[in-house]
């Protein structure tokens, strides 16, 4: 494997995983972030197990339906992300950029849907610390902190995607950068696959 | 699992199929939710399905399948180990309920 | 191959010219390493002064300490420390030392400076992220320091910040206001910095090794930094959300860690249904690996320096690396031994005690390997070497008491006594500090281009070595006698007779602390006036010694390095003495 | 320099050990007044011997090797430890392995004896309330019934430390609330401990017993005292500015004295 330090080409030892540092670092980040999410989800489970007065307030409509739509949007954005990576691999920069923007848009849509749902719940009187229907106050705490943490990741991802899309179009970033972004974006997607059942479905009336 | 640098993926058609599969699993999850099973069973089923989904996403969407086995064997066990250790929290979670300060 | 471009882009940066670019917002891992070292130095001085104040108060609880009123009028009216201010100082001492000294210097400091050099890279794989991780750490430090000056005073719930004391807010008493909130914020920020650092360390170690630097040829220090960063990657990932939840409990009214029906100073709390044990689990899930984050780099540094001065390779190098890996792995299975009496399920106590005892096996193997390596050597007793030997000694003394604390049945008696204080100060505090000293005397020539003064260094060593034993050995007796820790003063009829022992410890602490200023003077004086250092003053073999002192911006001047040898080939027929550099040509191998 | 290191290390080791040995009371422990305590002390003693030998041996060995390493001539060809790393690994695994196996086996049984064994059904039940910065103890009184706890009713001023509600709660009326723990000797005691604010801890050195009192939980703790006398109960979990002063007394009386005392208290309520 070749690399350039300063201006002289330097011969390197092979990477044991055969992937560049950026990708390796992203994989490590994914694992560490997965541990972070697990910790929060474990805290949620811990308190739920400890609260006999837990209530499951979610109606099929609007909450679960909305959740399904959000899931659909996020999974689709995963698909467009894959398309972007494929295009980048085949060197079709224009197509890749387009797919990146599509992913970015879907991510933004997901965030908007989520924020609208938050607003509705806040209007109904849900808070981090209170619970209009009575029962354990941990519901609000768990719901807003878990989904909030995920939402932060989505928003961060949307911003990253925008930056990468611009840079990729200008040739500032190469296909590996797109692939790395893809890993992150699919991870956000993957986390949602746990958040949706555990936070939404487990709390459906 | 090939052991050279990232190979070319199987192409979009396949990924669309996977995507449909994932949506189907989500559908099953919602269906199960409204079977009104006892929470414990529902939890087990949902978690099982979630892990399947996660596995698929990891394997195909995140291209783990197309990386070296070594990467898989470094990342996945590490995570599973940590989550396994975290399960030591549960006994105390149950104590919370069983030893609650009662207003006798 | 296209990965090549990735490397190239990551790496293509030319030396900065502006002062800011060179010394402040530098992307050069060497400057960043020195910045971490400097921050650690500042932190350790503050931490040490705090411990002085605490010790004085413990020895003579009515003593007026001139000028203390200046630091905090409320905390020390008439220069006499109040109990709550004692607890604040103790909390700050613990937090500063554990996070900003024991984690920063041996891992982030020396690691940043020498990991890339030891693997033969021009820089870390993400220089900008590296710079960011330092400045984030620095921010965390400033936030923590701010806690000294906020109304209500610094936090006083210990570096473990047990909820609900740390979570319910001002009603719980002084120090539970802004101070505690700042603590939570500071530690959360610190976690982010550590995660960034860990990503850098891991990718650098695995992907930026120069030709011939196979994993088997990595020096022990590089191995230790790598293993440590893997531990940190998973441990800090748990502390981060824990601190966020604590923060929410404090400011957003959630009740993650606060149970129902608390009545604090006759005021019923609004919080309901949380669990204090949840905080302890989350905290110690990070907290125990953190102990090894502090000590493993120290183990690596010592194992790296010892052979240089023994002029012989260490016994069983692979076994030693294996031990480090085993310790890292086990560190995730034992956090519950901090919670034997915490109200945790008593069955778990047994589950946690067994792996805790098992950790003593790799630790013992490592220790025996060091001792056995000293056998049959002709040692060069430089200050660095002495500190390495001192490290082994205190590591044994501290490790031994682990046998006691690992057993729930005995821990029920010793928990939260000075026995515990003695244990962790020896094995994690003093041991790691000794490794830092060893590293400093050993690497300073490379880092600054100046030799340090050996005479001053030896005086510093002897005072410190004897001093720490005078400080921490007696704490074992206090602990066995049932002297509870975290007491601002000893008023019980039971504890009063033990005060003379505390006074002895205090005096020892003052003298030992004063001795550290010899080191500080040596550091500064040598930096300015010390004799110029040759490229390889110790006839050492690893890569950092095959470049200039200090190294150029890209470490090796763009030379192609080829590594042909194991890292510790001492006591052999070499081209220029009884050693063979890792970069020496294949032919140089005599055997 | 190396010889000096050897000497200093030896001196440090011997002095540290001597302070244990010549202190008279090898473990510096206070008297043990509990039925289970001898198990703990024995376990502690075992560990002390085992680790003590390891400590002295390894320190002296290090000192010796360093001493030797100092005396050698220029041009010395280094010697490797006979057998290399293998003996180290084997001895470590064998010695330490055996030690920790026995320790954890015996130790777990001692632990189980205290914390996993069910309380004696005939044991005397006492309710413990910890708060910043005092302990309070409650006896069921004549009816043998404890009144319900209502945190909202807690009022230090009027001395309602437990939050009892004597008006509506018959059981609560004759509950005896005192500031020091008085127990009969040689009778199993079952404490039910809870905290009204933050985490506190119940630590009686002489009873060799130690348990955090976690708010929100009712934590049981049972023991039997085997000697009469007056001992200290101290808080060992950092609970705020008054932590260092948070203590109560444990009075172990003979059964008769105890009954008499309880009568007086009931009369006083």
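Observations on the structure shown:
The chains carry the letters A, B, C and D, assigned in the order they are written, with residues numbered from 1 in each.
Convention: a residue touches a chain if its C-beta (ideal position, glycine included) is under 8 Å from a C-beta of that chain, and two chains touch if they have at least 3 such contacts.
All values derive from a computational prediction rather than experimental measurement.
Chain C has the C-alpha centroid lying closest to the overall centroid of all protein C-alpha atoms shown. Set against the C-alpha centre of chain A, every other chain centre is closer than that of D.
By C-beta pair count, the most extensively touching chains are C-D.
Each chain gets a centre from the mean of its Cα atoms; for chain C and chain D, those two points are 30 Å apart.
One finds 48 Å separating the Cα centroids of chain A and chain D.
Taking the mean of the C-alpha atoms as each chain's centre, chain A and chain B sit 15 Å apart.
Averaged C-alpha coordinates give centres for chain B and chain C that are 36 Å from one another.
Contact with two or more other chains is made by residues 16-17, 19, 31, 35, 39, 46-47, 50-51 of chain A. Chain B has residues 5, 78, 82, 86, 89, 92-93, 95-96, 101 in contact with two or more other chains. The multi-chain contact residues of chain D, meaning those touching 2 or more other chains, are 151, 215-217, 219.
Here the touching chains pair up as A-B, A-C, B-C, B-D, C-D.
Here chain C touches chain A in the complex through residues 1-12, 14, 121-123, 125-126, 195, 198-200, 202-204, 206-215, 233-234, 236-238, 240-242, 244-245, 248, 252-256, 270-275, 278, 282, 285, 554, 558-562, going by the rule given at the top. Interface residues of chain C facing chain D in the complex, by the touch rule stated above, are 82-84, 87, 156-158, 162, 164-165, 168, 172-174, 259-266, 268, 274-277, 310-312, 315-316, 319, 341-343, 346-347, 349-350, 353-354, 357-358, 360-361, 364-365, 367-369, 371-379, 381, 386, 389, 392-393, 396-397, 400-401, 403-404, 406-410, 412-413, 415-417, 458, 462, 465-466, 469, 473, 477, 480-482, 484-494, 570-571.
The touching residues of chain B, when paired with chain D in their complex, are 95-96, 99-104. Per the touch definition, chain B reaches chain A in the complex via residues 3-6, 8-9, 11-12, 15-16, 19, 22-23, 26, 29-30, 33-34, 39, 42-43, 46-47, 49-50, 53-54, 57-58, 61-63, 67-68, 70-71, 74-75, 78-79, 82-83, 86, 89-90, 92-94, 96-97. Residues 5, 78, 81-82, 85-86, 88-89, 91-93, 95-96, 101 of chain B touch chain C in their complex.
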